[in-house]
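Both of the next two complexes hold chain A, though its partner changes from chain B to chain C.
What follows is the complex of A and B.
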């Protein structure tokens, strides 16, 4: 009996490369692909990747997967059904990815925006959104007339905090009187709550709304109220043609194609990639015409400097909110500080949730 | 801390908007539960109303037709539930959960072409001089008609359940379906009608989200509003006015906590964002716990299947 099992196990392991003409790629998403934001961005890239490989790959998606037991179940199911590489496209899947990865050492796991890498088959990938936020902050600081910028934030995780800091520093640099009002929704996707948050911010004097949540509701509210807004993760112009100034648009496709190619070639190895403007992973949605040409040029220049590596959005001197020094004159932020960021920079008046 | 930037009148106005979708769904579910049926498909019927109401409003250009369409859409889905639970005697809890999943999936499909479209405006009701009154005008008299009709609906349901003969029959069916049956009432007919009413109300609540509050169609946009409505019915101990109080309280705390956050009040944000749930539950439990009132007001036959032979 034991022999038989071993033989069966052997034949299974040996059969996989032979049978696997098509590479199976699984995706799990935190929201619906129709969110027109974060999840839509990943699914756009998935579609592009699938088109690139044609019949060589087969993609599966599961939307609206909650963190925890739900994610574990979905990924286990994918792994059991012969998926070669699984992309888990949200920060909170970290623990679940690592649990499942431990059980299926032959499946490659790609976790977006995470930081836990307990197994050799877990790759992490992230985008330097703070680079884009620097550009948004610069534009917001110049465009605001009330000197008040409203920020709808999701969860207090490093990526979101770094985004707020980056936007604030660059708004402040061009407009010393600028103030940030910040609302945390504790959700990635809740259109009604995001709409209420946007209304509240506008009511309290904000005339530019930034969001780090995934629905398009805030852009819509800004359009109705006649103020300005930035979209999130996708170009949200159609939801507010006048209000929408620009957006950081995620372009994961080049990375996805690269990684799936590695799986097909059998050269896949765990990595920890953090990609930005220079890698083409993020780009800006077309500038709204209401942004003066001069400002558009400044923004383009800022992006060019970041791409060329001449400018880092976190360049000292920068103090933490409590006044203690963080970066000295001319010093740039080490990646580890950004990836674990848990403080506001000096000047932001709100208190950071733990 | 900049509390001065919070305008109480605007807060009051926003509260009514935030509360209305869950109140509509809750008042419908209250009637359903009073008839002895537990329909956990509120979320599914709401999203159905949000989606179909949006589609109808966009295609006809009329928000009124949109709301009517939404009521019918919610009702259509609830009829499926009625068919399963009343005719085929399936388990109500399982059928209700299935209804929610079905509604979410179906609307994701139906609504695909409607993402990114702007629905026709629902005009604010012109109340003339009333809306000019300082504070009160902005807080109470500058809303769309649905908000007022919702309050009228709550009053109507209260009157119906308390004073009308049909309402008493409905309650009898919910309290003890065997007795009601013995008296010659059509238990299943009453329940089916109640389920349809609940579906229509949930549909209206959904349409309020997609046509007025957000206003746009996004897949899965109800994000748990139906479940809040369900909880509200229980914590309001099946009393219409308490459901209204609970919904307004919930909406109020949601809006207030957003305002406090934006104003930079030094209360940990974690507490602020969980406060709507905690405060609403605490208050409703408190007002429902009085001895004289009878703490358990649940209909006696709630969630019990009925067959004439038993």
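What follows is the complex of A and C.
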């Protein structure tokens, strides 16, 4: 036993290089780095950030970490092992991040897409995905022949609901007959469930599939069924060369480099950042050739208008689903409305899970 | 020539030895896999099996975590094992775990924010009752309509998951936070919080309940008439029937016990380590417990060891990912190897290998 203990003690000193000038950056992911979607997007940014800093930074990842006790344990172990900043790359880690942050006030926590900030060492960051959804909706509205768009949604949280609303409004604007069919999976990453959902939507007449889930399953199903689809978080063209029209591609790297630099400089402070097209945090995957040139130009124009600040995807008049007014003519949505959105806009026939 | 011969009686020696041998073989095969991934196999195995307990850096934190991770597995597996011995196959402990958590949390949320010593005991009773109730569905369908309890209990897991989602989005949603699913954090409601009983040990009421359940199950299976009936029904159902054991009664008892224990596990989790009712609350404890039950040879003491071992590979697996950058999938393969080797070795329990002279033609 004593021998074991010494061996373990030795090994730990070996495992943790006590080099003071290396900044340790930890990442916890809800899915596998090989999901080709959301988690892949974060890991791409991690790699880019690690390359940018070279030897000055050491990164470590733990993938497939469930929300709750597991996440709390992994982040605690990271903090114990001397990690300086922890990126928790999924919405549901919120309560866990804040529990651990309270215990380790000297560790910086960066929580993606969250809303809980109980401690001064918790930063929140998110992307304005609804901007990208506006572009997808515009393309979908023009491309659909059955006037039916299928939408695979994960959890009924504001970011997802805002995405559905944004896509619907912009599809409707170019195609008044368009209908949205929405399936909730209550999961971020479940390829089998997502494939089932895509098949069901296609059976219901959808010829364009949108997804707010992380796997490539829906794109593959769409390819096999000969319909169209949009990828999620990463360019998923290789899983459906014909079906894949485009995707909102997450580019967290500039933000990650910025935040880790702040940790290195000792200037890190908690923030709440919500970044969009203009910040280079999201971009569109290359347009599929089957999108007519004219429509490609329209989409590019829409992005340019959003970047320039000339256009906001939620510009009134917009009513809520029940007909009550939300935004008046010319009024744009305040951030707080989008960050807490819990209603569909007028015209969506589905019912929001409640 | 090598010949397989069925043993007259299953070998007692191999029954006990196989789990240990399986762990050893897993270390060897896993080590080879880690080496092929370009990682030092000795370091990897050490990170998974030893560092969570012995490491100076992590030990003081991960030793208590081991109890937190293993307690629900043990609590559920002990109940399942009783049923499995009697050939009553409750595959839906995950669902009973969820419903138990919802019942327990429901009591807490109904009393919020009132203080009161009686709230937590009521939650315990409600949790056990919730799991029991959910297990009674397959039990009654089986005894009345002769449906298959494997299918019914399994499918009810998916129903329970939907109820959980509905609760997190609707009835139990925290009214103070707009737009987000999930209930109030029970860890912030003192009367309902399943806190550590002794700070820094990881021992909460769920760990205590698991220990009590193990002792009771052990006593029941070895000393009590019911335990004898369970064993008899499993090994010789016809004889049991002639001996006056009612199969219907046994089905209800076995599903009831395992359901109540799974419900308790869910309740202790939601009021402690889990913290709140969220859509993603269930993380597969109910299914993993099936592996624990078999790895522990359906024996309460064995289940304690198996639960701790599986908990260790989870926590050690995270350390392996963190410190050595092992891929998460490699850890899952490693855990899978353990079960694979155990099942493969188990043939020795029932068969022996004989080297014989060449067969005459």
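Simple rule for what comes next: the second predicted complex is superposed on the first by the 335 of 354 C-alpha atoms of A that agree within 3 Å, B and C clash if a C-alpha of one lies under 4 Å from a C-alpha of the other, contacts with A are read in each partner's own complex, and residues count from 1 in each chain.
We adopt the following convention: a residue touches a chain if its C-beta (ideal position, glycine included) is under 8 Å from a C-beta of that chain, and two chains touch if they have at least 3 such contacts.
Keep in mind that this is a model prediction, so the values were computed, not measured.
With both complexes brought onto chain A, simultaneous placement of chain B and chain C is prevented by a clash.
In the superposed model, A:196 makes contact with chain B only, not with chain C. In the superposed model, A:115 makes contact with chain C only, not with chain B.
Touch criterion met: A:353 reaches chain B and chain C at once.
With both structures placed on the common chain, the touch criterion links A:80 to chain C but leaves chain B unconnected. With both structures placed on the common chain, the touch criterion links A:32 to chain B and to chain C.
With both structures placed on the common chain, the touch criterion links A:186 to chain B and to chain C.
By the document's definition of touching, neither partner reaches A:228: not chain B, not chain C. Once the two complexes are laid over each other on the shared chain, residue contacts for A:217 go to chain B alone; chain C is not touched. Contacts of A:64 after superposition: both chain B and chain C are touched.
Overlay on chain A, chain C versus chain B, candidates 147-155, 183-191 or 237-245: the clashing stretch is 147-155.
When both complexes are aligned on chain A by C-alpha atoms, chain A residues 32-34, 64, 156, 186-187, 353-354 touch chain B in the first and chain C in the second. The touching residues of chain A, counted against chain B in their complex, run 31-36, 64, 150, 156, 181-187, 189-193, 195-197, 199-201, 203-205, 215-217, 220, 238-239, 349-351, 353-354. Across the interface of their complex, chain A is touched by residues 43, 46-47, 50-51, 54-59, 61-62, 65, 68-69, 161, 165-166, 169-170, 177-182, 185, 187, 269, 273-276, 278-281, 283, 314-315, 318-319, 321-325, 327-329, 332 of chain C.
The part of chain B that touches chain A in the complex is made up of residues 2, 5-7, 10, 14, 18, 21, 108, 111-112, 115-116, 118, 209, 213-216, 218-221, 223, 225, 254-255, 258-259, 261-264, 266, 268-270, 273. Residues of chain A that touch chain C in their complex: 4-5, 7-9, 11-12, 15-16, 26, 32-34, 60-70, 72-74, 76-78, 80-81, 92, 95, 99, 115, 155-158, 186-187, 339-342, 353-354.
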